Amino acid sequence: MDLRPPFNITRSSHVRLTVSDLAESTDFYAQVLGLVVTEENKRVCYLRGLQEACHHSLVLEQAQDGGTCRRIGFRVFFDEDLDIAYRYFRDRGLPAEWVEVPHQGRTLHVSDPVGTPLELCATMETRPRMHIQFEIFKGAHAQRLDHYQILAPDTYALCEFYSTLGFRNSEYLAHGDTLLGAFMYRKGTCLDLAIVTGAGPRLHHFAYTVPESHNIFTACDVAGNLGYGDAVERGPGRHGPGGMLFAYLRDPDGHRVEVFNSHYQTIDAEIEPVRWDAASLSTNARWGLPALEKWYFEASPFIGVPQIEPAEPQRPMTLERFLLERSSL
Amino acid sequence: MDLRPPFNITRSSHVRLTVSDLAESTDFYAQVLGLVVTEENKRVCYLRGLQEACHHSLVLEQAQDGGTCRRIGFRVFFDEDLDIAYRYFRDRGLPAEWVEVPHQGRTLHVSDPVGTPLELCATMETRPRMHIQFEIFKGAHAQRLDHYQILAPDTYALCEFYSTLGFRNSEYLAHGDTLLGAFMYRKGTCLDLAIVTGAGPRLHHFAYTVPESHNIFTACDVAGNLGYGDAVERGPGRHGPGGMLFAYLRDPDGHRVEVFNSHYQTIDAEIEPVRWDAASLSTNARWGLPALEKWYFEASPFIGVPQIEPAEPQRPMTLERFLLERSSL
Amino acid sequence: MDLRPPFNITRSSHVRLTVSDLAESTDFYAQVLGLVVTEENKRVCYLRGLQEACHHSLVLEQAQDGGTCRRIGFRVFFDEDLDIAYRYFRDRGLPAEWVEVPHQGRTLHVSDPVGTPLELCATMETRPRMHIQFEIFKGAHAQRLDHYQILAPDTYALCEFYSTLGFRNSEYLAHGDTLLGAFMYRKGTCLDLAIVTGAGPRLHHFAYTVPESHNIFTACDVAGNLGYGDAVERGPGRHGPGGMLFAYLRDPDGHRVEVFNSHYQTIDAEIEPVRWDAASLSTNARWGLPALEKWYFEASPFIGVPQIEPAEPQRPMTLERFLLERSSL
Amino acid sequence: MDLRPPFNITRSSHVRLTVSDLAESTDFYAQVLGLVVTEENKRVCYLRGLQEACHHSLVLEQAQDGGTCRRIGFRVFFDEDLDIAYRYFRDRGLPAEWVEVPHQGRTLHVSDPVGTPLELCATMETRPRMHIQFEIFKGAHAQRLDHYQILAPDTYALCEFYSTLGFRNSEYLAHGDTLLGAFMYRKGTCLDLAIVTGAGPRLHHFAYTVPESHNIFTACDVAGNLGYGDAVERGPGRHGPGGMLFAYLRDPDGHRVEVFNSHYQTIDAEIEPVRWDAASLSTNARWGLPALEKWYFEASPFIGVPQIEPAEPQRPMTLERFLLERSSL
């Protein structure tokens, strides 16, 4: 863990997804999660959470092949951090390229060692926060993008990489000496980026905060009423690592989005990460059925990025396996 | 449906369960549900919900063979209703017997045609309601006993019997002409007694109201923390019939208790019951995985009451079957 | 108290108000409370709560002089109850008249001894309940009309009258032998009609239930955002009698509406009403500043009904008096 | 605003108060707010919020003269930051002194230009977070100390000082060119330190977050039940600046503590502070009565620190003045 990272990534910022039907996907995120449409045209829709002052945290792009992720975005604090980042990635032989991106300041495209395509910027256009415009609230009242979870073939190795960028572990899941999942943060809560072992890199999910526990139910209820009942893939439940309430939904293209209520504050350097011991990845707290197999194994590919299988195939305690082993089946 | 029933049952009132370890079961209901102990001794514990003014709505009796139900109780409005009820059951060749029961006024034991042992009384000792004693609240803040669900071999026949006693349907579940489940009420909400087809009579569950949706999570969370994580059998979820949020827990002897938030007001005579159409019993709303097989088939037997199988074996869409049919397994 | 009343009033049902600007008032109740518009035309708008199956619980009528109440409505159980009620009022020299009212079955207009104009009916047109149509929810998610509070010159005398109609006291406020306020119910919760001493008869407020405590805040928040901030007259706070959370709002014509979360179950005959002792009317629980003077003294007049002053002028502990006596002023 | 401050203050950390009756004050904070007692003896009690991993965020010290504040604490990120801070304050002729403080790492006492006594440290002993130990939750489930509000004779001047330390404004209240209140933060939410014009320096209040809006009511309800009903000085209500729900309570010595639900995320450098325009300080959102005069003018003095009056006496719109001007009085 590097407490004096070479450049200052401050938080997870925005995710770019391709979708097969822009209107339908926009509707899903606006009605079910309650995101606000900042701006849209025939090709792309920019959305943000109710409390977000920046132009977008979710970018939906119309594509023939929906269901892929273009990039996950992080913010850096100063514009100069971008220059340092550029050199940092170049020096290590990693992709780094300046690009022009609408509604964002100077923008840098880089990839981590496993190929996850990242987008870094220091500024974005701003818009008024809508967090007290109660009369326009919809769905789950999603407040802000909080974190991503990616699948990667070697959690430990990737965790090490992000540690050198200043990411710290709030909690992690391990079996003996094997790290199965790492909850890493930059912004003073317990997550910006979760890394979990699996064929990857792929985007397992991105997560929006909701203010209160009843909002978790509303996400499911509105999804159900709008015909997305099957989209409620997991939950509502309580996470073990983190301790938050959650529900996972699949959007019309199968992208997985989590709504959860807010986690705890981290910040201080002396606090040790919390270890969760398990033979296989599980993020349930002390109650609740295991997640479906597809929750563990399905994820959004990054466009053009080859996937690598983990050295050892994962065998999580899925709901299917759980029922078989209990001879329920 | 008889809107002028022979005697006036007003509401579901109390349930008597046998338990193997009185101290542990008391602890479960006091810590997890948040019931108040009105009175207890080595043999029996009387509990009530936070808003209940009557002495008990849950009676736990120490027994070698825990896990059985002695009786489910209903209140009648006048003492005279008991006398009419006595004659009513006797005239139909059904069991009816006067008994002495502590903390209750004159008490009548009767059985319905399928053998469900009922206990009727018109009065009980009272205690102050605790609904604004916030400083003693625990667990899920359970407010009051609301309803029972019983399994019976012929839902239609039993539904007819209770209809003559003035019970009305708020909602029901049917497949073609076959009634699979009936939500019946006396007290002006949508349930006092749910009847569902299955080997019976058995007590499928009894249910307590909780004030808000977050209390449903707290029931699960406290259960998990106290070592009863496996007791969270189903949920949190949303009912189709009724529309309430729910979680089902199994107590240390396997008795099933539901916590749910409050349903709607019925009362008026002109409102038609709501029909839910399904090939098999399901109480999910428009999202959520099916319930485990054991949720459908396990229930508390009534002591000494023989069970009858339904004419046609039930084949509900269990979680296990659902996963098999989706070839997930 | 008569537990065998001559006819069966089952619940408070609907209130008819005159308003100066039908469109604005409709908007207030739809946006702030979240009522559903069942039907409207240029002259009248019918609204109902999200869980209500009957055609209307609030009827707004365009009038030059908004701010008056036409009638408060109660439901009776059987159509025959109306005939008995007709004779009952006629026999006592009280007004009773058959009228035709759209969307209701046979309807009877009567007045209580102090002149409060009541409207009784046994049936209404029905509509689907909207309680699980989460995607159309607005404002405070108001569920159903629950009760009225009227001001009357002699609480004891009027309380006696309603007692003979089967209304029972759940809680009451008294100073020595003087009854200052009576919380009366028919429907098995703790209120259908509150009677409080004051120049009357006038409609002090009518009240809708909301599901959870956060909805109380939302009523205030949306009111504030839509320009009705001054309409939040009192609260959010906690009632002493009843123990519910509340907020009182004044609609564009000054009609007072309460939103509150649900109270406890009554029903049983043996439970004694709860006495609250106070030198003057106060409905605060154990914290919170007193209500403004106008909360005590302003109310909607009933059209054409003369008002009578109480024998002794009321001198409640208003916020103004409280601050003066504490020498804060 | 200095985005590259000389040393890195990361967050508000802990407050030290004197109290007249340690047992009673401890009980107040444990029962009403729900703080956890980390450690206590006859002279001092250390408390922390449910999600806090550090040893204390509230230190109560038994004293003959309760009702004073010793110091407000901030955390710095690195131990070296303390050394830089030491020189920074010394160089400016401001008090700076190394002290030994139990349960904290190296600790520095400094004072800002107006005399506010600060305590800086980089580390503290840690304890397990209790945020998922639901079975021990009490009162308002207070999660963590969030911010202080201090009164100072010249808000602009003091705001400038803290700006050089890297504090940024999220929102502020001004009348023309006069800054009346500044909401300043370090930690990525909208507050660590609020500065408001008034005789000072004094501690107006310190604030703990609560997870959901219902917890705000519970703070009031439990306070009321435990005999602290008069301690609920203001609220529940909604802040204008910030947009959070709040209630303000006075502890047994008159120290003011706020409970509020969580605010929004700041972090990004390009976001402009939000201006609220008002002739006098008001923190209400768009509804709710003004605060009592004492809410504006009473505050905890810092031991041994002389108070300075502002150049112009403040004349906020108090509840008393509001009622007088409306001729309500």
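By written order: A, B, C and D. Residues from 1 in each chain.
As a convention for this text, a contact is a pair of C-beta atoms (placed from the backbone, for glycine too) under 8 Å apart; a residue touches a chain by one contact, two chains touch by 3 or more.
Note that the structure is a prediction, hence the values are computed from the model and not measured.
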item: Proportion of interface numbers common to subunit A and subunit B (over half same, under half different); value: same
item: Of B-D and A-D, pair with higher C-beta contact tally; value: A-D
item: Rounded Å distance, subunit A centre to subunit B centre (Cα mean); value: 42
item: Subunit A and subunit D: spacing of chain centres that average the CA atoms, whole Å; value: 33
item: Computed distance of Cα centres, subunit D from subunit B, in Å; value: 49
item: Interface hub residues of subunit B, defined as touching at least two other chains; value: 132, 212-214, 221, 225, 238, 285
item: Contact set on subunit D toward subunit B in their complex; value: 31, 132-135, 139, 212, 214, 218, 221-222, 225-226
item: Of all residues in subunit B, those that touch subunit C in their complex; value: 3, 10-11, 51-54, 75, 77-78, 105, 122-124, 126, 129, 131-132, 143-144, 187-188, 211-213, 238, 243, 261-262, 264-265, 267-272, 285
item: Of all residues in subunit D, those that touch subunit C in their complex; value: 212-214, 217, 220-221, 223-225, 228-232, 236-238, 245, 285-289, 292-294, 319-320, 323-324, 328-329
